[in-house]
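Got a structure here, written out as structure tokens. Questions coming.
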Amino acid sequence: MDKIEVAVLGATGMIGQRFVQLLEDHPYFKIKGLYASERSEGKRLAEMLKLKDFTFKKETLEMVVEQIDVDKIAKDVRLAFSGLPSDIAKEYEASLASRGVAVFSNAASHRMRDDVPLLIPEVNPDHLALIEKQQTYRNGGFIVTNPNCSTTGLALPLKAIDDAFGIDLVIVSTYQAVSGAGYPGVPSLDILGNIIPFIKNEEEKMESETLKLLGKLTDRGVKFADFEVLANCARVPVIDGHLESVTLKLKTDPTLEEFKNALEKFTSEAQRLNLPTVPRVPIIVRAEMDRPQPLMDVYAGEPQRARGMAVTVGRIRKKNNYYKMFVLSHNTIRGGAGGSVSNAELAYAKKMLFC
Amino acid sequence: MDKIEVAVLGATGMIGQRFVQLLEDHPYFKIKGLYASERSEGKRLAEMLKLKDFTFKKETLEMVVEQIDVDKIAKDVRLAFSGLPSDIAKEYEASLASRGVAVFSNAASHRMRDDVPLLIPEVNPDHLALIEKQQTYRNGGFIVTNPNCSTTGLALPLKAIDDAFGIDLVIVSTYQAVSGAGYPGVPSLDILGNIIPFIKNEEEKMESETLKLLGKLTDRGVKFADFEVLANCARVPVIDGHLESVTLKLKTDPTLEEFKNALEKFTSEAQRLNLPTVPRVPIIVRAEMDRPQPLMDVYAGEPQRARGMAVTVGRIRKKNNYYKMFVLSHNTIRGGAGGSVSNAELAYAKKMLFC
Amino acid sequence: MDKIEVAVLGATGMIGQRFVQLLEDHPYFKIKGLYASERSEGKRLAEMLKLKDFTFKKETLEMVVEQIDVDKIAKDVRLAFSGLPSDIAKEYEASLASRGVAVFSNAASHRMRDDVPLLIPEVNPDHLALIEKQQTYRNGGFIVTNPNCSTTGLALPLKAIDDAFGIDLVIVSTYQAVSGAGYPGVPSLDILGNIIPFIKNEEEKMESETLKLLGKLTDRGVKFADFEVLANCARVPVIDGHLESVTLKLKTDPTLEEFKNALEKFTSEAQRLNLPTVPRVPIIVRAEMDRPQPLMDVYAGEPQRARGMAVTVGRIRKKNNYYKMFVLSHNTIRGGAGGSVSNAELAYAKKMLFC
Amino acid sequence: MDKIEVAVLGATGMIGQRFVQLLEDHPYFKIKGLYASERSEGKRLAEMLKLKDFTFKKETLEMVVEQIDVDKIAKDVRLAFSGLPSDIAKEYEASLASRGVAVFSNAASHRMRDDVPLLIPEVNPDHLALIEKQQTYRNGGFIVTNPNCSTTGLALPLKAIDDAFGIDLVIVSTYQAVSGAGYPGVPSLDILGNIIPFIKNEEEKMESETLKLLGKLTDRGVKFADFEVLANCARVPVIDGHLESVTLKLKTDPTLEEFKNALEKFTSEAQRLNLPTVPRVPIIVRAEMDRPQPLMDVYAGEPQRARGMAVTVGRIRKKNNYYKMFVLSHNTIRGGAGGSVSNAELAYAKKMLFC
């Protein structure tokens, strides 16, 4: 069968280039064009590399970036991945969708809209059905979003726990890598040997997106989960990998062993569908006393195509009726481009693309 | 009046050398001797410097370290500061105290004993009275301890808040500097560009010490505070300065403004006594959206002698009935040697030394 | 005597703020106004702090930045310190000088001009005489420049050695701090756990500026020194302090002891004039086997006002007829604002300002 | 054909574990046993992992470390790889060789001995013949050493240049990663945000080993190369990858193009023999203005088995009759275990093992 040709929007940025990485030799998708702002028009990918840990193929390096032109894109492809910055994503993505394009976006602009799925394949695959509403007024096009990078790593283990035990209260503190701020992003003078206890809008996103993700799809849209989420976000001098300390109060009282099992054995429709960029084991529980660590666990996930897509959980503890753990995920793969690629794979596998 | 001659135990380590730094030209105390294990016997301080941000006076650099000999020390001085590692601190400190020496210690060994004050001058100065029990069976000697480095920075703002509003629940996640592990401490291979979500016994110390510090002195000893403390501790690639994210549930419902005021206006007997190593303003509240930061706030505290002794609080937020903030303190000054030096100053000012 | 009122150009940047730091309470100079581009017009210094290791006085923090207007500045002050970026420095500095203002600049724009002194008080104080040529066509105004940050730390020890032994060949490799690139400067993604072996134009500047600095003032201008300088420049993950490895071939064959002495005993007119921002001992020779180090030696220099103005040299070695050493200097103090402040002090002390 | 069973000595350390990594699924060799000091006796590899960037296979993780017993080892295997620390390597390696074992060692102890090859397959494969002398008095056993980590990255490009143009003078300054000091190695307190301009014995090793490597094998042993090498060594906060700035004076006067070509086209017997751990292109020349960089180039080398075995050269410049470049190599792969593994492959391919 022929692969679906796709556009990558924002191909000059960190997330855009992670899209390109994940789409090289993808079994379903094939990059047709790279798009970015006027400034980068005509430049080859090789001239504006942002990823230090990945080497593109020669032919990929020679791809030339074009200026975004929604009419042209809508004529060329029926699916677009967007790594655009939120400020410009809003309009471009809506325009593309209205021209019938399926847009899978990492941008925050449309995440909280009623009829836009905020989607993680393992967490709320049924929310994908929301696109039907969009398609009615968007000529068959739609927008699907992946959550904020720090939300993703949290929501996946929370889903496993909420299903098993019911969540009452979530308190999370983050240790977020600098790649989360894009490039050039965080100045080295601000972060070398330092911690910055502030990331704009990040706590608000974590607190609201988590509840939409774990919400229930009803006839009238998503009914948000009703537990409390309290977030404290900080930037740390780490390249890739958001670590989070999570303290939980549950509605029931599982043993530590039951708690671990719920995480470790968690699986979902995404695993059953064998989506290519989704790891066989989505939540890896480490028994060592000092894991997860960004340098050791950031690329977790098997098979090879799902590297960086598993969430690693460790240091699971219980004190009175509270549970504590650390979670780690790759912020620009699982929490970025990989999120949207796996969302598109879900739509593809569920035959919700172009049918 | 003559200064009191003191011994510094553990003078080859990070904390020991912070003691030496703080005791140079101290108005009450004067270093009589430096002590450490046999291995360092006969070495000059200049040969084993551990602090990169402080330059000792020439005469201090020439001081020679002696092997610990409790009989000799007890003959030479009546007051000792201990920066010994916990494993050897236990016996040495007890021996010295039993020989009539007043021991002010940074070690964990005796902190949780019933008759040993776990002391912060601004938090629980009245607990100092516990030494009287010790003096009865220790020939007038006693041990006073300062809390663990990460506990100190937390307990000071909690005291202000508990006094004003009553605390119900404390959830804290730490971003702890490598100097907290001493020297050589954390290998660079483990922490460069990485976070380690584990520090041995640290969470247990924070959870128990905080309750003793904020406990009430009764006839039968300290009645621990009864709120819940849940700690998640992690090491970050920062030289000095423990940052902590703190989420609180209170017994009352102050406005954000009232909450800030309680911190900002907090003062204590230690300030009234004008202790030299205690800052005029013990809790500094920053209004900027991205403070406190280790590189910018770690040396907070005035006057000059109290540099690194103030705790900086920032990003105070309220959500529903929860309060959130970040706190920062210098882990080897306020959370280490400075803690014990100010404790000794308190004892001195309250005339509880040698009278 | 009244202090001379001065303007600080580029007050929103790293170097500009080092100027402000060094001019607080300066015995000769007093800040009259802070200037920067239109974008910062009306902002208080407190809103755009760039230095994490220095706390300005309250009244300084309240100073408001004005947009650069050469006519206004020339009316208000007769002396200006410039921390402007090179691209805009060229014209503004020339315009100010033509309006009779004495401009002491850190920018590269005018450094290599025949009649502009490239000046280090300890190295070539006589070059200051070049300003007389400028004054004839600039209405009494002139420009004096300090060298590039990495040149300064090199030229000072080279001066001592060239005077004593004659230099034949200099090979230098640099380990340059990120503050040398200004703010925001080097993205953290590029430098965390990494080295960048390239700094634009840096090697060219080191190779040419050094020869002008150590050149001889003749009737026809500066006759450049005639030895060879070969530079390799790299950026390292350090906040402040340029370290340099220097390998030398000399014209004579001093013993290691003679070589050390030449450095250690070096003094100059600047010391004899007792300039306030010039250290009593300009070159500090360390005997330890592992010094100088940025974290330990970057602030070298006494008295207090000259902190960060001494150059530290260590690991002096000789092999056959080659000499090797490491040198360190503070790149934004000695190699930046402090360079120009001390140049202005020299002009002041030599009565070459406004007479 | 059956694989040769080998022992890995020092399997608890950084280099020892790189040996294990490179020997997993090796086409010629198969690990028979892991050996280390008494302290680690009985521990599984999984309990003492030192590499954060490599995941061993499950069966490898379960391998149990035995205490070194030369008699047992000599009975079990005929080939041993040694990642032992130099102090204990000397005797163990000699004892094993005397029992007929072929020892391929990363330790410095025997490198400069007359009859011990100091070997890089691409540089001096003929030096391997020196083992014949050893075999006469060592019962057929022998020791072959790889050079010091910082020497290796230098010697390979120097070989290409010396062959083509003749070298007169080499001045090198290093930017060495912390993994070069082993584990625990460099304390984080010493290197976070800092540079240490000293590595014990490193400059001496670079200066002498380079000349042996590029020396000529004669009847009377290796006649050392006769150019001058001057080294300045410094430690930087980088995990893996030694960067070096190299300034050269040659005996001839090639153009920059000729100089680049000599590096880029360099190939050797090792490539012709198609050794598995030797890269197809041993010296990679980068045209970008800011390469090589540790984070981007440390794993250079193809095919997969030769990852981290290529040396990357960049920023090639010429000034007058001097040539400048930066070189980078992986210090624990190419400059450590990979060096000895490729040496053993050379011996195997040349049929000098056990025949």
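Read from first to last, the chains carry the letters A, B, C and D; within each, the first residue is number 1.
Just so we're on the same page, a contact is a pair of C-beta atoms (placed from the backbone, for glycine too) under 8 Å apart; a residue touches a chain by one contact, two chains touch by 3 or more.
All of these numbers come straight from a predicted model, not from anything done at the bench.
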{"item": "Set of chains adjacent to chain B and to chain C", "value": "A, D"}
{"item": "Contact-richer chain pair [A-B vs A-C]", "value": "A-B"}
{"item": "Whole-Å gap between the CA centroids of chain A and chain C", "value": "48"}
{"item": "Inter-chain centre distance, chain A versus chain B - centres from mean C-alpha coordinates, in Å", "value": "42"}
{"item": "Numbers and ranges of chain A residues touching at least 2 other chains", "value": "52, 192-194, 237-239, 293, 295-296"}
{"item": "Touching residues (chain side chain B, partner chain A) in the complex", "value": "171, 173, 175, 193-198, 203, 207, 228, 230, 232, 234, 236-239, 243, 245, 247, 289-296, 314-315, 317, 319-320, 322, 324, 326"}
{"item": "Chain D residues touching chain B - in the complex, by the definition given at the top", "value": "14, 50, 52, 178-179, 183-194, 237-239"}
{"item": "Contact set on chain D toward chain A in their complex", "value": "52-53, 192-193, 239, 293, 295-296"}
